[in-house]
Amino acid sequence: MPSTTNKPARLRTAVCPGSFDPVTNGHVDVIERASRLFDRLIVAVGRNTAKAPVFTVEERLEHLRCTVGDLPGVEVTAFAGLLTDAVRQFGALAVVRGLRAVSDFEWEFQMALMNRELDPGCETVFLMPSARFSFVSSTMIREIARLRGDISAFVPEPVASALLERVRG
Amino acid sequence: MPSTTNKPARLRTAVCPGSFDPVTNGHVDVIERASRLFDRLIVAVGRNTAKAPVFTVEERLEHLRCTVGDLPGVEVTAFAGLLTDAVRQFGALAVVRGLRAVSDFEWEFQMALMNRELDPGCETVFLMPSARFSFVSSTMIREIARLRGDISAFVPEPVASALLERVRG
Amino acid sequence: MPSTTNKPARLRTAVCPGSFDPVTNGHVDVIERASRLFDRLIVAVGRNTAKAPVFTVEERLEHLRCTVGDLPGVEVTAFAGLLTDAVRQFGALAVVRGLRAVSDFEWEFQMALMNRELDPGCETVFLMPSARFSFVSSTMIREIARLRGDISAFVPEPVASALLERVRG
Amino acid sequence: MPSTTNKPARLRTAVCPGSFDPVTNGHVDVIERASRLFDRLIVAVGRNTAKAPVFTVEERLEHLRCTVGDLPGVEVTAFAGLLTDAVRQFGALAVVRGLRAVSDFEWEFQMALMNRELDPGCETVFLMPSARFSFVSSTMIREIARLRGDISAFVPEPVASALLERVRG
Amino acid sequence: MPSTTNKPARLRTAVCPGSFDPVTNGHVDVIERASRLFDRLIVAVGRNTAKAPVFTVEERLEHLRCTVGDLPGVEVTAFAGLLTDAVRQFGALAVVRGLRAVSDFEWEFQMALMNRELDPGCETVFLMPSARFSFVSSTMIREIARLRGDISAFVPEPVASALLERVRG
Amino acid sequence: MPSTTNKPARLRTAVCPGSFDPVTNGHVDVIERASRLFDRLIVAVGRNTAKAPVFTVEERLEHLRCTVGDLPGVEVTAFAGLLTDAVRQFGALAVVRGLRAVSDFEWEFQMALMNRELDPGCETVFLMPSARFSFVSSTMIREIARLRGDISAFVPEPVASALLERVRG
């Protein structure tokens, strides 16, 4: 059994970026896991996504704040422009991404390699959500809500109500 | 930009397990990346691998010590039995694994889910080695060495000499 | 060799859902295979697909009726809303899907797990189309027709003529 | 809503082949699902597997009988030689296989296409085990047992005791 | 060692099709590799792509001409309609495609099988770009440029300036 | 339409390496396709495979000679040691490999990247066998023959007889 080294503990920040449109229980699961690995975890909503969102960035920030905002060390914010620039500004040493399936894997790896190229100091860390959430994606939640299906088991409560209202309207 | 929270920095330990038969430059790359994310990184050689190894556990420990042993916070050791038991004994909060390809991905996920089931506190963190090492595996190094190919670009120097000697003998 | 049990034969219904825009020979192949496994097979065109279709739901129903409508036990219909609701209304015990490739596999598994979550009684059964049709998809057929290519080897005759007319118009 | 057709219900037999060394909860899950889809399900242990098994064919038959033997319509037996020959002798119209991951998928498809070539009447039906068992394989169970890990959550009780004894001996 | 056969060398033409919107260093890498394998390589920009491009076909032809136009045996042109028709008109015996990842692989294989069906004489040859470019795609370049990131390491110089101008405008 | 360039036709040699234990119709299909792309194609049986083969290298050479030996430009031989050394000795500019599935793809890419690293002049070209042979592998043929199945549809005639004899003996 190795003896403990005398390297001093250092405050470690990571960024968990996403569009979170909407926040799912899978997102919450990954954020909880990441918050245990880092001292400070910045959950960051990208402002520059091209497509027409269901919720505004401000609504999504609100949804994140009332579901993960109270976890120790977790902060919720938005960012514009390149992820690597945001990571540097946050003083973070890693980007956290959840990996569910092979298709995730390939796109995520392409992005992570590109981000490493844009900034060699930007490391990407992949976490695995609970198997219970392996099939939950924002895309699928939006589709089920559009068809008036019950999505309450897959998203935090405030999101469920808001999505129901949005679809009905 | 979010303000810094007052969660105190905590000493974080991770385990990087493997058979390391032999240690490759891809292993070294992942260990370096992981050592920047955690305060203490235990590189742990499994004693229980079934197949006939090229190097003994002691030789592999020696190869690891002289290549990554001086990285800040890195310790090199061996373990027997279940990985989850070793992780608990080390007081670690995460297992670190390098992911190179889709085939890695599936087996690694199966193992990570199993380990989480055996011990829910055992989180697995996946890192991506440099694209330069995406094709380097211990299996392929052993095969090239067997055919008397030059493996000096893919493994640390001490491993290259030792492997050359082993194959010639 | 096991002796036959005395469990009585029960009428078994399955649903084969899709957008069928257009029906391909791959669809016909899977429907034929499924019709041999179940007593009653409901081929169901989804009304709620978001994108602008080439053929109306009514045209697609017509195409299905004149190609698979005479297979024993096969019925052709449309459905709106959630698939799991339709499956329950049809009194079906399984959803049938064709799997051609890994990319199919991942999306199909995500949907099947979600449907099982929405209704635990909704089982999904995957069949493999003939290798001859492994490269035929509705998307590719539409693309070839748009470029005035000959699609007559990949779709049933009535669809070929209708698609030719639609593209020329 | 389509009206019921007058195709008479027919007794349908399927075969669920495997090496079952050992039987896992994932196997039991797939067998239960399959037994609801067919009138008669023959769970068939292959006698011709090349590798040294942990349990004899007779022990595995016993394990299957006391875990799934009482499910309605389920029979447990062994077979030698080609699967397609066994399927024909059993009077079955389908082979049932569980699919957990992409790596499963490719090998399973290769086998299913080969079996279809050897006997065009041999259809393969793929089912998805519960996500709870997606990481459970016989190989992994044997490995954990070898390391004296607790496998009682992943296999039926009689298998757990027998495996413990075998490993201790 | 086999003796040389007396089959006479024949002029061999291949086509490297794409949308090239924009040309990347990955494209240039694959074109260079292909030009060493064939006597004549026709780099062909498809005119029929449905989506709104960043650059016109003429601009893309210009970008290709000033980056790969001087490679021995390489010609740059555009084509309309089906690729298989263009291949026949060019008198080519193969289509060249770069493969980077599993997701590429599946779509590319589907297209190659379809092209073989449309014209059995149309062979598709897959090359592997340098690992350095495995994460570079036109889609990702457009996205980074849109966010004002520095894409000069991933595209030829003339493309970098043109893209910068286009995005600023 | 581009005008013909005046680059002179050059004799192009490629190597198609493998263990060919046994030669399958899928191998023959890929060799035929490759022979149309290159002036000279060297089909090369590796002498250094570790596992116990069904046929000796000399038997496999004989099987290849009587099935593809008469194709224009095709030569059959054996090689020892590293593939990249053999490629250089043959004066070849490319290695030809058949790709059937995603699992092939990953291992093949790893090898091709390694070979490129060992010799930057060693290009790998991937061809796609006919969809009819996508499920045929030497491993599966050996397994079916072991179970006394009929493999005559999947291998050339001389191989079928030899395999039958070998298994019976």
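Chains here go by letter, A, B, C, D, E and F, matching the order in which they are written, and residues are numbered from 1 within each.
We take it that a residue touches a chain if its C-beta (ideal position, glycine included) is under 8 Å from a C-beta of that chain, and two chains touch if they have at least 3 such contacts.
These numbers were taken from a predicted model, which means no experiment stands behind them.
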| item | value |
| --- | --- |
| Partner chains that subunit B and subunit E have in common | A, F |
| Pair of chains joined by more contacts [C-beta pairs], B-F or C-F | B-F |
| Farthest chain (mean CA position) relative to subunit C | B |
| Most distant chain from subunit E, judged by the mean position of its C-alpha atoms | D |
| Separation of subunit E from subunit F, taking each centre as the mean of its C-alpha atoms, in whole Å | 27 |
| Computed distance of Cα centres, subunit D from subunit B, in Å | 35 |
| Geometric centre distance via CA averages, subunit D-subunit A, whole Å | 38 |
| Multi-partner residues of subunit A (at least 2 other chains) | 102-103, 106, 109, 113, 131, 134-135 |
| Interchain pairs in contact, sorted by label | A-B, A-C, A-D, A-E, B-D, B-E, B-F, C-D, C-E, C-F, D-F, E-F |
| Subunit E-touching residues of subunit C, taken from the complex the two chains share | 101-103, 134-137, 140, 144, 146-150, 153-154 |
| Residues of subunit E that touch subunit C when the two form their complex | 48, 50, 81-82, 84, 102-103, 106-107, 109-111, 113-114, 117-118 |
| Subunit F residues within the subunit C interface of the complex | 102, 131-132, 134-135 |
| Partner subunit A, residues of subunit B touching it in the complex | 1-5, 7-12, 33, 36-37, 39-40, 42, 72-77, 89-90, 93-94, 99, 102, 105-106, 109, 112-113, 116, 123-128, 131 |
